[in-house]
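Below, chain A partners chain B and then partners chain C, in two separate complexes.
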Partner chain A sequence: MSGIFYLALRHIRYHALRSLTFVLVVATLITIPLLGRLLTHAAEVRMLSRAEATPLVYGAKGSALELVLAGAYFRGSLEANATMADYRWLLSTKLAQLAPIHWAGSSATYPIIGTDIEYLSLRSLEVAEGRKPVRVGEVVLGAEVATALRLGVGDEILSDAEQAFDLAGAYPVGMTVSGILAHSNSPDDGAILTDLKTSWIVAGFGHGHEDLSTAVQSSILKQSEDLVTANASLPTHIQITSDNLDSFHLHGSDETQLLTAVLVFPDDVKAAALIQGRVADQRLNHQIIRPIDPIGVLLENVFAVKKVLDRVIVALSVAALFALGLVLALSVQMRSREFDIAQRLGGRKGLPALLVLGELSLLCLAALAVSAALVGVVQSAGTEVINAWLLEVVQ
Partner chain B sequence: MRLLFPFLTSFILAGTAEQSLAADPLRRVFVANAPLAYFVDTLSGGSIEVVYPVPQGIDPAFWNPTPEDVLAAQGADIILLNGAGYSSWAKSAVLPRGRIVVSAAAFKDRLIADDGPKHQHGPEGAHSDGAGMAFTTWLDPELAMLQLEATAQALIEKWPDLAAGVDTARANIESEIAEMDTAFERFFARTEGRQIITSHPVYQYLERRYGQSPVPLHWEPDVMPDQREWSRFEALLESAKSPLLIWEGEPDPEIADNLDRMGVDWLVISPFANASNRTSLFSQIAAQVSAAE
Partner chain C sequence: MRIRVQNLSYRYPGSEYALGPARLEVQSGESVALTGPSGCGKTTFLNLLSGLMKPDAGTITVGEVEVEMLTAAQARSFRAKKVGHVFQDFGLLDYLSAFDNILYPHRISAGRHVTTELKSKAEALAQELGVSGQLARRPAQLSHGERQRIAICRAVLGEPKLLLADEPTGNLDPETKRRIMDVLMAEQKSLQATMITVTHDHDLLPLFDRVIDFSELAGVAA
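Moving on, here comes the complex of A and B:
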C-alpha cells in the first residue's frame, strides 16, 4: 500500500501547480461554510451574552435596536435624548442599580463613554493596571484600546475634533489614563470609559477658563457687582489637569445634562416588572426595553440572510464538485497510457483506481489541513473584527 | 478677657474617635465631617465602619483628598456629604452617584448664599462656578435635626436590621441637639445688645437662628493679623457697643494677649467640624457655650 502512496505523491509533486489548485479549491469549499457557521455562532454568543448581561435599557422613544446598540454595545449614532433628571427619577424608584451612559465622542475612532463609576462593578470589569478614575479628566481604557493606541497608565489621550471647521465647536480635550481594564471579551474592550462630568466636557457641555475675578481687563466685556461677562478671547483649556480642574464647570444644571441611555440592573424580577410598568405609566416620552428582544430579532434577521447564503454556497459547491469531477475524469483519461504501462509491468488489475484514490486522499487531506489552518487563524483573531463589521452592517 | 478655659480645647483634641470593636468592615460609610461621623457612629452603635480620612488640623470643608481617599469613598456603601457647598472636592471627584446622600438636601431652600462673583457666557445666562453657600449648617439646631434625620433614613434604608438601634440612638442625639439649642439661647439672651464680631464668616446659620447680625472678620486663630487688620479692628471697636469676639478655634497666645490688652471680650465657639473626640459632640458644643457664662 505504501507503494501506491509513493506513486501518488510523486505524481502530485510532478503536477505541483495543478495539485495546488485542486487543494485550494477543495479547501475553499470546506472553509466557507465552516467559517460562516463559526462567525455567526461567535457573533450570536457575543451579542447575546452582552444582551443577557444588560437586563434593561432606558432611553428616549424611538428605535429600540439603536438604543440598545448605543447603550450596551457603544455602536451607532444615537443622539443623547435622555437627561440626568431621568437618571435621578430612576434612582428614586430604588428598584435597581443604574449605569448612565453618555457617548461623548471618540479618540482615534474608539468611543469615549461617560458613565458612573458604578458601571465597572455592574459589568464586573477589573482594572488590570493602574486604578479607577478618581477625578474629572481621568479615563480607563479597554484592553483593546490600550494595545491599539499603545497607551499606558499616566499617558495622555486626546478626544477627536468632532467638527474641524466649526469654530464655535468643542475643543478636543486632553485626558489622563488612570488605568487599563483587564480583557473582558466585550464591547468594553474597545471603549474609553470616564466619568459623566468628563464626557460632558468632551462633548462641549462644559468647559474651563480662568478665574474671571482675576482675568486680564481686555477679556472683560462688562462687570457689575455680582456678574462678570467675558469676551471670546478668554482662553479655553483643552487639557484637564489637577491644576485647572476647579475652573471646569458645566452649562446648565446637573438635571439637564444629557445622557444617551441608562442601563438598568433591577434588584429582582419583581423590581424589573415594577420599573417597566412605572416607565410606561409615567415617562411617556421614554422607553425601557429588554436588550435581548431587539438583539434576538436582529440575530434572527442575520440568520435568515445566512440561510440564503448557505443555500447559495451549497449550489456553488455542487457546481464546483461537478467541475472537479470533470477535471478528474479528464485527468484519468489522459493518464490511460500510463495506467496501461503499469498493467504491462505487472501491476494489479485495480492499480489505476488505487492510484487515483491515493492521490485524491492525499489532496483532500492537504485541503483539510489548509481549511483547519484558516479557521484557526480567523477564530483566534478575526471574529472580533467580523463581529464589529457585522454590527456596522446592521446599523 | 478670657471666657473659655484651656481644658475645653484639650478636651476637644485629646480624645480619640469612638470606635466599636464590633464595627462591621463590610458596612462602610464615608463621611465629610466630624458631625456626620458622629451621627453614623452613634446611630449605628459602632456597628458600621466610618471612613473619615480628613487629618487633624485641616478644615474638612476645604480638604483635598488623595486618590486613595477617593478610592476609599468609591468603596463605601454610603457617601454621606454635608451639602451646601461643603466638600468642594466632591465636585470634581469621581463618586458613585447612587450611593451619595446629601444630608442637607431636604433644606436646600433654607441655605444661606455666600456671595461670590458669577459669570455669564452663551445663552444659558449667569451661573456660579460653585461654592457660594454658607455651610456650617449643623450649628442651627433645626437644620442639625434634619441632617440627623437624613442620616438615619439612609442607614435604615441600606441596612433595615439597624432600624431599632438607630431610632433609640437618634432620640439621644436629638436630646443633645436640644441641649445645644438651650445653651445658645441662653448665651445670646445674655449677650443681647452687645456687638458680636466673628473671626470668620462661619456662623451664618447660628446667626439666623438666634437673630444675630455679627460683623465677620477673616482672621485665623494661628496667624497674627497684620497692622492694617488691627487698625481696621480698632476702627470697628470705636463704633461697636460692648464688643464680643467669637473665635472658631483657640487663638495664639500673642493674639489673645493683644485682645486682652485692648479690653476685648472673646470666646471660642468651635463648630467641631473636625473634632477628633466625637463623643457626645453636640453636648461638647453646648458645653463650650455654657462654659462662657
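Moving on, here comes the complex of A and C:
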C-alpha cells in the first residue's frame, strides 16, 4: 500500500492548486459547523454558570433580562435606579449576603463597577497580583482588562469621558491599580472593580477640590498670603490621590446614592423564597429575579436561530460535497489513461479505486489537520467573542 | 520464452468477424515483427498474449503458462512478472518524474516493492540507455527519444521474458526510430526475451528475426 500512497502524494503535489482548494473546502465544511457547535456550547456553559452563580438580582422594575445582564454580566445600558436605601432594607432582612453593584462608566470600553469588598469573596475571586482596593481611587482589574490595556499594579487608569464637549459633565477620573484578579473565565475578567464611593465619583455623583496653593503656576492668575485666584483653564481629568482624597465628597445623603443592582446570595432555599416574597410584597417599584430564568429564555431564543443556521450550513455543505464529488468524478475520468496503462502493466486488483481513495484519504487527512488547527486557534479566543456576541444580540 | 498459439479466435462483442491466427509459434528469444493493415487484429493479439483479453476459442501457451486459462488475478500477476510493455505513446504519466515512471509497475503490482536495490538497478539501466541525466524530469520536459528510452527502461526493469511492443517508434524521425530500436533489441538480447513488435515501419523489418504479416496469418472468419 505504500506504493499507492506514494503515487497519491505525487498526484496531489502535481495538482497542488486543485488539491489545496479541495483541502480548504473540506476543512471549511468540517470547521464551520464544528466550531459553531463548540463555541456556542462553551458560551452557553459560561453564561449559564454565571447565572447559576448568581442566585438573585434585585433592582428597579422593568426588563428582567436587562437587570440581569447589567447586574451579573456588566452588559447593557440600564439606568441605576436602585439606592443604598434598598440595599440597607435588603440587609435588614438578614436572609442573605449582598453585593451592591454600581455601574459607573467605563475605561477603554471596559466597565467600571463599584461594589464592596464582599463581592470578591462572594464570587470567589482571587487577587493574582497586588492587593484589594482599600481606599477611594483604587481599582482591581480583571485579568482580561490588565492584559488588553497592558496595565500592572501601581499604574494609573482613566475613566472614559462621557461627553467630550459637555463642560459641566463629569470629568474623567484617574484611579490607581492596586491589584489584578486571577483569570476566572467570567464577566469579572473584563471588569474594573472599585469601591462604591469611587464609582459614584466617576459617575459624577461626587467631586473633590483642587488645592490651588499647590497648583501649577500657569493656572494661577493672582496669589496673596490668604488668597489664590486661578484662571479658567479646564483640567483634562481629576486624579484621586492620597493628598486630595479627603476633599472628595458625595452630593446628597448616603441613602440616596444610586445602585444599578444588588446581587443577593440567600442563606438557603427558604431564605430565597422569603426574600422574593418580601420584595414582591413591600418593594412595589422593584423586582428580584432569578438570573437563570431570563438567561434560559435568552439562550433558547438564540439557539433556535442557531438551529436554522445549522440547517442552512447542512444545505450548503451538501451542495459543496456535490461539487467536490463532480470534481472527483472528472479527476477520475482524466486519469482513465493511467488506469488503462496500469492494467496493462499488471496493476493490482481495484487499483483505480485504491489510487483515488488513497489520494482522497490523504486530502481528507490534510483537511482534518487544517480544521483541527483552525478549531484550536479560534476556540482559544473564540468563546469570548461568541459570549460577547450573544450579549450584544440581546441589547 | 516460447509462444504457441493454436486455433485462436476472438470476436469483439457485436462484430461479425473473429480475429486470430490458426497457428503460430515463436521461439524463445526470437524477435518477431507483426505487420499488416490497421484493424487486422495485431493489437488485439498482443492483448490476448498478455492475458488482458480472453479468446473465445483456442489456446495460447507462453512458456509453461496457458494464458487463456488464467484467472483475472493470475493474468495480472503474469503481466506484472513475465511481460514487458512498450507503448506507441510511451505510456508515461505526466505527474511522475522519469525515475518514478520507470518504477511505476513495481508500485502498483501486488507483492512487488520498490527497494534500494531496485532503484540502483533502475539508475544503472537509465545510465545504459543514456537517460540517467533526465531521471528527475517529468515526461513533458523530455524529448520524444528520451521518453521512449524511459518507457523501455520501465518495460525491461522487471527482467520480463516476453516483450510486447505496440508500434514503439510511431511518430519518431528515422534517426530516432533506428536508435530506439537498437536500444530495444539490445535489451531484448540481453534479457534473452521473446519480443513481439507491432510495426508499420518497413525500414525496421530487417532488424527482426522474423516478420509476420498478420493479415495473412489471422484468417478473418465470418
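Rule of thumb we're sticking to: the second predicted complex is superposed on the first by the 366 of 395 C-alpha atoms of A that agree within 3 Å, B and C clash if a C-alpha of one lies under 4 Å from a C-alpha of the other, contacts with A are read in each partner's own complex, and residues count from 1 in each chain.
Note that in this section a contact is a pair of C-beta atoms (placed from the backbone, for glycine too) under 8 Å apart; a residue touches a chain by one contact, two chains touch by 3 or more.
All values derive from a computational prediction rather than experimental measurement.
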{"item": "Chain B versus chain C as contact partner of A:Gln343, first or second or both or neither", "value": "second"}
{"item": "Chain B versus chain C as contact partner of A:Leu351, first or second or both or neither", "value": "second"}
{"item": "Broader residue contact with chain A after superposition on the shared chain, chain B or chain C", "value": "B"}
{"item": "Touched partner set for A:Gly325, first chain B, second chain C, both or neither", "value": "neither"}
{"item": "First, second, both or neither for A:Leu91, with chain B first and chain C second", "value": "first"}
{"item": "First (chain B), second (chain C), both or neither touched by A:His251", "value": "first"}
{"item": "Contacts of A:Arg10 with chain B and chain C, given as first, second, both or neither", "value": "second"}
{"item": "Interface residues of chain A shared between complexes with chain B and chain C", "value": "none"}
{"item": "Contact footprint of chain A on chain B as seen in their complex", "value": "67, 70-71, 74, 88, 92-99, 115, 117-122, 124, 126-127, 129-130, 157"}
{"item": "Interfacial residue positions of chain C with respect to chain A in the complex", "value": "50, 52, 72-73, 76-81, 83, 85, 87, 91, 93-96, 100, 104-110, 113-114"}
{"item": "Complex interface listing, chain A residues touching chain C", "value": "2-4, 6-7, 10-11, 13-15, 338, 341-349, 351"}
{"item": "Residues of chain A touching chain B in the complex", "value": "87, 91, 94, 97-98, 100, 116-118, 131-136, 138, 195, 197, 212-213, 226-230, 245-249, 251-252"}
